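Quick heads-up: structures coming right below.
In what follows, chain A forms one complex with chain B and a second complex with chain C.
Let's turn to the complex of A and B:
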């Protein structure tokens, strides 16, 4: 592994002509995350960790700003030619780590590769083709009008087509994506990003070095070397920061927020996140859940604000819908509706005054405080005479149970890969359909074809305002129907040494743009 | 001797076989490895296709036979997470664990023998009572708690200001209880010396040794009290025996009696227990390595469990089983050398 990378870096130094550094990238940064990249192939897995790596070693066509707007990166500009086509102008003079120049054919290669990736396939399914107009102009064509074209373009990190083409010594295609076993791309890398991987020992550390020929000479980033150490244990990660062993850590566990705030040498940044935590009520398993009154009673019985304040220690934003603020579907008027008296009255109306017994399952190491949240919800349900038989499991065992819909109420956390409301509905509230894959994680078996149709309509509506109105209406009706029990959006937290200015490079997607990081 | 070894080797095979069967039997309870390999939004169809590719849809028996066939040729499969042969992954992580165990063992040997012997010879001395008291505390604190306290004290540092600062003694006490911190709290550092194969050693650089301090102390904290108590108890018993009394009557010097005649016999049971405890220490390394992010097999195993990396879990269990068999065999051999009255096999004397 090490040898391969060194060999690659060696050959790269020979081919790339030395050019003056953009900013004086002389600072060193030591950071600790809860995990390190699984692979070097950015298309092998769609996960927060892999996107973080992508932003360090590659650049997307466009990227999100901290207030969820688009910022041009490798695409200089774009314009809609017709309903189904968007034309992009590519930045000129961008070099890959291998020394090759970035042109439209690299983007085409990347899109084709994304469509092969099991993890990205679904996201790129709306795209029919990429038309290369010239070296620096191309058109993205979708099958139908697609409002999320730019959202999706944030996932296009152009890869070096020349570098990833051809065969390896053992005769395997260099562009192959393998989930298990080694592929060329999982051990070698050539992107356009601010950092090159100099050394990598899986599970121990990854060392990044600033790319001398990085195109973005206006980037204020001045970090020349980054060492990423995975520290899985929360306590140890915080200790590493407090003892000065590392300069930057994420995530910060809620129990240690105060401790870091009190430390004079450290600074803490928190942000309301976009991952919704919710409970599904399985209507197929429990007859009573078919009755909207019972579901509403449960919605009234749950104190989201209490959970956010007491269990999450203020480290969560109470939710009454799935879309977080900033998403098109976010509906300002929907607020948590905690009211036990009302809940009891609704149970009585529905004829379940004496309550019933249900089973509940939640993971105990997937989301922040997941098992404690489940216990609190169970206790709240006891007040409307619903007796809960709760079981919490480690995530490795939980998901198979989830796939089997093994309990009457099940917890899930969801982050929309497209940073868009429709994604929530498609996976969590659409009528489950094994053939189309709709409602894949709808463990409530809630089914309202009318709403599904509305979402599908929104998905081909390119007018932003009209689309937002449609999605907000869906949220409204799901709320009235109490289709599920939303709890909160988990907050995000990062902490660093005082001299590491992380705030400007952070965002709700949780991939800090470390290329722009300034260390004083 | 040869018969003994042959017997042990066949036992080792039996142990390996049983472990592999058990590991395979419980794998359904270990979770779905696919979950860790693909994103949440990947469709069921894609998952099924991958499952087929990995052979996870075959029956457990078919999977086991395939595994056993490969295992007989020395191939324990590929880790899902590392995408490499599991034995290679273990070989990469094993040196870190061995160094941790060596560090802890050194601490145990250096402290347990003198303290144990001293408190056996002078059971009534206040120092003996102090050591006994401390060892009771040490044995009852869980290893991860010790580790967290050590990190707070010696890595982050604590400032005590409970005593009045304006008085000389208060100032002194404050300083006495405050610690500077500064010892590394995670990992092995980046100044490792390559010895051979996959062995990167931390024993040859200051940074490497510093990184070793806290984890070794934590790991030793659970075993050290046990050994002190064991040595003390054995020694006291030996001191009561006839041959010691006879030596005393003969007028031998106390030093000669204690350290030449008594200590030798004291060490016999200590070696047996020690051998078994080193095996148990491998289990405790899991906790220590997790707290200190020590990149050894313990941490690797724990992560393999959270990732449902079944081939790696099975391989780890088999390797650990093998280590147990080997250490026990070695202990028996050493025991035979130290105590000539012990016969290794049941053959006629």
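Let's turn to the complex of A and C:
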């Protein structure tokens, strides 16, 4: 018997030797999110769900650690050459799922594709070019000094240029980005990430399998197979975890935090989040929204603290601006201004005492309690005689409607991609411009070129204090103008079975690094 | 002969219906409970402390208060509040009203269609019978819920939510009424087939009465008792169908909750402490359907000629 064990251990050592520390990826993980990825093209949509998918099937140049520092991934090291240029060394021997080797030209291909993407182009607008020095060295060049270059590099997930080049059988370019369409990239994928998608039935299940030739042999991750099932109903998702049907769920509804804490076999991780939930008021669709008094009236009618306390059960921070505490743009003096009498007075001043009817849309499986928040907002608007025709939809149907700006008030949640205030403004309040991608998610059509200029100026300002002052002024003026209706910053919560060690792979961006997940 | 002086009320008091009702405790209790619920629902606007349809009256800060007697309750809300801060008592009263309206409305529509087609099919027979009964067969092969879901989704998409909210109640009456008429039509047809061979029908024919007159004035009154029985049960079914549709999110909008949509809106909270949002309207629904079904059972026993004449 002893002999047998020694032989067994010996063989283990032998097989383990060539892959150094890499754990045998034999564990299975069943997880449930509120929704599954809407497409496989990571450049089609800029959303939390797509970035979560990117971190599973691709790898970024650098990524955030849980304490918000940069961690080298596909880029081994980087150094500043001059104020507009950063030189990156690429890791060698990294393979794509297709078997191709990762080289600098793949990164160049990816950056060019990002600049084509309607959703991403605004983020990559400061970059002028990518200079390939050799196969494993390249330089990122910006038009002007750009303080957020590395922050942006966390969004560069190099794609397999060979795989995504050429034409499909029907003659379309394989690199094409089609929103809500059937492009080659939306159905096929080749990245460098820890997982390959084996099977995908939209809305039913996605099956991931560990990539055998994954470059990061030091990753402690030992999960070989992941099954992602979308479960939209909060209650059902929590029950699935508690009954043992799944091992890992996100998000956890605020009503059920206590229930999971009480359960001995489950563990709960919460973090205070930086994702702002807000409503846009479409000025092009509703004449009254052009009047700042009406917008202010709405801002005064909404009880952010009530929503945060009652619907979110204190699991959110009431907001009066977009930048959360700790961001440069965070303006201490701005607080929620709930006052129904003032709101009614403003409506009267604006000449809309008798109110009007508007349409409202919100997703029902994207943000925590999104549909209930929308219902509460509709009820609050009834107090100032604004009648709301509310429609809530699953996110797969919501985003196409959002892109069409299909309702007068639309809900969106935004997490700053660069962990910086300017990103909020660029996407949510800039004058919409399809060419530069500015205001790509500005469903309010609010447009104030003066503020846009101020943000652009802040973007090239390298003095932190001056930059913060500029961004805070922007917040202040947006607040006075009631350009949008901020609700709260949503806290984050994940829950898993006790043996699934999720805490080390989680972060405030809500990008779980599942490649490094350890299951005991 | 004293028939001329006997009023309808006296005739009713001498009838077998009243006689058996007086002796059946279950029927009496069911009837009293049903009447109380109907009255409460009809006078909901007077009885309810708040108007749950007026969004301006609800306050998010009052959400999820427990019913009176539990820790943290507020005397202003005897049955507690739901997740949006609506008073549960008022919402249940209004919800019962909506559910009953849909139940009765749908059955009136079913009965109208079912009696007309059943009479035509049974009395005229032949090709008319074949066509109508095949239509009924096709209709019966779709489940009510499926038809209702499809029609509801189409209407919702084409009218927008606000408009749908205003017409939702009529829509549901229409959907449930239309999809259930074959039940009544078949019963009527079967009775008509038995009746039309009797002598009084022949006599009426010989006297030269028109076909519609024979159908509606002579045959119909003799087929009424099974219709009453089935209609009672169908009211309960219609209420349940409406609750199921609302629970699936295809019935009454959340801003005008019926019992079904109330149950749905509390479903997220049932395991997290706020059980009353789902449980109270659920109890009301169960009691309502139960008493109607018990009355239906009793009526079936009474109207079955074999039980009292034989």
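Just so it is clear, the second predicted complex is superposed on the first by the 299 of 520 C-alpha atoms of A that agree within 3 Å, B and C clash if a C-alpha of one lies under 4 Å from a C-alpha of the other, contacts with A are read in each partner's own complex, and residues count from 1 in each chain.
The working rule: a contact is a pair of C-beta atoms (placed from the backbone, for glycine too) under 8 Å apart; a residue touches a chain by one contact, two chains touch by 3 or more.
As the structure is a computational prediction, the values presented were derived from the model and not from experiment.
J.: Thinking of the overlay built on chain A, is A:348 touched by chain B (first), by chain C (second), by both, or by neither?
T.: Once the two structures are laid over each other on A, A:348 reaches no partner at all.
J.: Tell me which partner A:400 touches in the superposition: chain B (first), chain C (second), both or neither.
T.: Only chain B; A:400 stays clear of chain C.
J.: Determine, under the contact definition given at the top, whether A:204 touches first (chain B), second (chain C), both, or neither.
T.: first
J.: Looking only at chain A, is it chain B or chain C that touches more of its residues?
T.: Partner touching more chain A residues in the overlay: B.
J.: Answer with first, second, both or neither: which of chain B and chain C does A:232 touch in the superposed model?
T.: first
J.: Give one of first, second, both or neither to describe whether A:46 is in contact with chain B, with chain C, with both, or with none.
T.: first
J.: If you stack the two complexes on chain A, which partner ends up touching A:179: first (chain B), second (chain C), both, or neither?
T.: It touches chain B, and chain C stays clear.
J.: State which residues of chain A lie in both footprints, the one left by chain B and the one left by chain C.
T.: Comparing the two interfaces on chain A, one with chain B and one with chain C, the shared residues are 233, 235, 239.
J.: Looking at the complex, which residues from chain C come into contact with chain A?
T.: 54-56, 58-61, 63-64, 83-85, 160-163, 165, 254-255, 267-274
J.: Write out the stretch or stretches of chain B touching chain A in their complex.
T.: 29-32, 35-46, 49-50, 53-54, 78, 80-84, 148, 151-152, 155-157, 181-188, 190, 290-293, 295, 299-300, 303, 305-308
J.: Mind pulling up the chain A residues that touch chain B in the complex?
T.: Residue positions touching the partner: 32, 38-39, 45-47, 118-119, 121-123, 178-182, 186, 201-205, 227, 229-233, 235-237, 239-240, 242-245, 365, 394-400, 403, 414, 417, 423, 427, 434, 437, 440-441.
J.: Quick check: in the complex, which residue numbers of chain A touch chain C?
T.: So the residues of chain A touching chain C come out as 233-235, 238-239, 253, 255-256, 258-259, 303, 306-307, 309-311, 357, 359, 372, 375-376, 378-383, 385, 387, 389-391.
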